């Protein structure tokens, strides 16, 4: 294979030159809530002093006043009479029902603690996982002793937030075949994308399908988009897919040894290449402040494959480097093409 | 100084004739704080203090007024909640000591659903259930025989005033303690008070001024070892000021 | 001059004592039994921590050495098994030293040691830490000018006395328990076994209860000391302390 | 090297050509390190500071005894690059650094809405790449930006700058305040570092380390507070420009 | 690391309520110090300060060393503060707490950086020999107000201290013992003293010299160091709730008043001590005459 050495990619140009007029946004902060979608509010900025509004997240009302003041930098949201400010970036705040990707931090006697990029580590009780030998089995003392055979430190998993405690600590569960240990793939952390504005306007969106399968030239690829900004892209798990619709009685086979295996299967180079491509594109999408969901990933992926093919034919590419550059180029093409 | 008190130092043997002799039904001699039994029949002190005997209860102990409070079963204490675990609150009786546990269910009418929520650093008036050297002391806020709180439980409002261990003992000892201040004050003034053997009283006189006046009067009685007459005089002064 | 002692005068510490003798002034404080760090915790015993802080500067190897001596001596009289998994923290702050200390020719550690022992005992008593017994300690210096006889022994000498008797051939610190048992001996210099034996005997006389009517060492009386030994002194200190605590009983 | 104050009064320009009320060139970037929860890079003249925020995340020791149970803890670590000063010197954790850390910790503990994140820890790592005066002020400004990037709620921008009084002698009528000092000026003049809450005049941090007549303090403080207001506008613009990316 | 025990919610609420009614727990006015007691020992340069229940001892000692190469004409002066568990079990030996760092930094800035002591006067032979003066601050009892008490202790001890005289002959310097020549007081240029203000109610209410309980409840502190001539040596407000700037100006004038009072108090105590020493001095001289044969060291 011939070796080509690429020139260093230019740093991502900051787009601030275009918006010299942003100063003027500051003048309209005393009246009604800021309407402009392009500007953001920053900490200490008065959102409104009209007492008809109610304060939501990201705001505070100083004692003995009715003025609502923003506490974070982000976009203003109005839900009826509720004003809230969604920060640009923030840590993930767990909510019940969220699908999250996490990493085991420590193993205790009856539970695991899991890093899900939230302020506090989440816990996954032993009672909240599928035990080998049938979903309906009660956990036993033997399971407690064997706790490390299910998950041990550093393992990745996909789970759902089952409940929240007083200090916003989440409890997870993996009692569905959708959930469980992750392997055969690549983990990507989109820092700050779990909380922040990205979870609404860009980044990982809470949507109907957080896990999906992508058709690629090299084969099928599973993508797990954790709401918390952790993403896992892996080779398609055939056995899981096949058994998705089988009845409970045959679950016993489903919850087999392989479910808790930490051993990667052999992955073909082609598949591995597509896996890295997808995860790079996801990073690029976030860097561009775009939404990350199934539809977007499919479109950008296809565009990127086309682009790649063209570039191979045309020679060197003329664009900013890095994941962001690729995504910008792809998006540009998509928009041009309608 | 009273003539009949016997002052001991650590290691001093307490002669048999100074100890109450077990008679009648109660056969056993009970050794209280500051005394230890060295088999076969030696009783020696471990701290400095005055030997006190109680012939009725066939008990002997050493009375001392200094040092840190050591929990003893049956003592009433003012505990500070530090953390809450699944089943119990961890409390401290004096700063920097190992935790004492107060089960969530050890409150009047508490069930798994209706257990009290206590924030860190809130105060509880409790009784020491067990205190042995091998386990963390256990506290309770209910009388096990009646299931009633009997005045124990979370303390709302009021102010803590530190007093000496000896003063706490006197205040809880009733007439023997020689503290007449509270009665004198109580004739004119309404207030709530909780005395902890761990060297603290919580006073709530309703108003800031009266709470302060009562608390400081107690401290004055303690520090200056006021006798009954002086206490009554002090009470008059306090009542005038409030 | 008998040592002077003030007990329980600090507000924060559980027990405290200020001890003044022969130009030395030491403030001692005891906290305990308190929570112990996990790494120092012992399942069946209390942990004892001794901190000696010099008048000038921060601790040096000399203070570490004194801490080790004090630690082992005090551990043997504290009933550590009755307060397991706790910490007894003893802090001794040297407030002042006699000016002549450095020129006496006797190891400064030895000069300081008996005073530190007394201070820590008083502070422990003030904190009501359970003890199996008390202790008393004394320094005995043997000048080299004369052949060692009981009469030339310097019992608990002041720095001035040591200067006058210079050079000192050997110095010994003895600490005895309340029952008259030897708890600690540190000796420095050259001496014969007989000399040591005599010194030990003299020390025991000063430190312990008189039994069998043995009088005080003659040297003591010559120096115009009170007809009192250290055990008596300790008892008088304690009597004042308990008297102070119980005074409410006798006031009206 | 004494600062020639006589030339200043003649030309009304400082050694680096600035006027008395002029800030140095400020360059700030937000969200510079993708891996951190929040990050910023700030230059105030030749003072260059990099700041990253980790958290709110679970503290290093969980269930810390006696710790604040109902709010997050703020931890600050300040590191000096070996090449940051005039002399290449490895700065150990000296008391001056600890004092700066303590200042930032207490300032941000009351500024951030820490009660929203019970039991957790917010860690600020500040790296000083180049020192040329107004160090504490630069650290505060960089930390504010990084915390905004991390999306941690705060009541307002905490911004800081330095102000000095130029007259060295006692005659108070001949004293000119100076804004935003560089290293040379700091060594020669009495100065203070003031940190205020954005648009209000309310002072959160005030550190003065040199002797000065009490009448002078007022003038220095007034200039410093005005400087802070200007600083807030500059930082706010940086944040708003960054926000454009997400529109 | 062990921490200071936190104050209970009941106490916190009560202290705040009482302050709203303009009451402090010990009945003091908001701008009043606790009873201050200052005593000197038999030796020179030991000051024992009691501020309410807080007690601090400062001790000055001197040594001869070579001056620092970059400061050839200056003596060495350092202030050492190390907390011990004596004052509180939360203090661990060898692990400075924030309170300790702040105390040592404030003393450093207030006394050393403000040139309270003329370090040039400690120089014996430029570049070769100088006095190394050190002030050890021992915290004996801790009930708040450590900074103010420590500053008083160090300044009083410095004023009380007498260093030995030196005889310089060319490159040779001999330190003369106290017996040979009367020791010399230090050259003190001005007397900085600290006043710590604790504020409550979001900077609306300021207390002077708060005790430990008040310190635990306060919103923040402002430490102002001044001398009685109206110079501010140091101001430190480490974060905490923000306050209006005009409040800070009021504090400096209040601080000046307090500093003047304290300076006067220290001077009175120094005078009393000097008088006592003088009275004793005459007698001591007489008795020293008699003692001399014994006093002289053998050999």
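When the chains are written out, they are named A, B, C, D and E in that same order, and each has its own residue count from 1.
Following the convention adopted for this analysis, a contact is a pair of C-beta atoms (placed from the backbone, for glycine too) under 8 Å apart; a residue touches a chain by one contact, two chains touch by 3 or more.
Quick caveat: nothing in here was measured; it's all calculated off a predicted structure.
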Residual chain groupings, excluding chain D and keeping positions: A | B, C, E
| item | value |
| --- | --- |
| Taking each chain's C-alpha mean as its centre, the one farthest from chain E | A |
| Chain pair with the higher count of C-beta pairs in contact (A-D, C-E) | A-D |
| Between chain B and chain C, centroid-to-centroid distance (C-alpha), Å | 34 |
| Cα-centroid distance, chain A relative to chain D, in whole angstrom | 34 |
| Chain A and chain B: spacing of chain centres that average the CA atoms, whole Å | 57 |
| For chain B, residues contacting two or more additional chains | 96, 119-120 |
| Residues within chain E bordering two or more other chains | 2, 5-6, 89 |
| Multi-chain contact residues (two or more partners), chain D | 65-66, 197 |
| Chain D - residues contacting chain A, complex | 29, 31, 34-38, 55-58, 72, 113, 117-120, 148-157, 197-199, 232, 236-237, 239-247 |
| Interface residues, chain A side, partner chain D - complex | 14-16, 18-19, 22-23, 25-26, 37-40, 42-44, 58, 60, 62, 69, 71-75, 87-91, 119-121, 166-169, 189, 191-192, 195-198, 201-202, 288-289 |
| Chain B residues touching chain C - in the complex, by the definition given at the top | 1-2, 5, 7, 9-12, 34, 36, 44, 46-50, 63-68, 70, 96-98, 133-134, 166, 170, 178, 225-230 |
| Residues of chain C that touch chain E when the two form their complex | 10-13, 16, 25, 27, 29, 31, 34-35, 37, 49, 51, 53, 55-59, 89, 91, 93, 95-96, 99, 103, 163-164, 166-167 |
| Contact set on chain B toward chain E in their complex | 80, 92, 95-96, 119-123, 155-160, 202, 208-209, 211-212 |
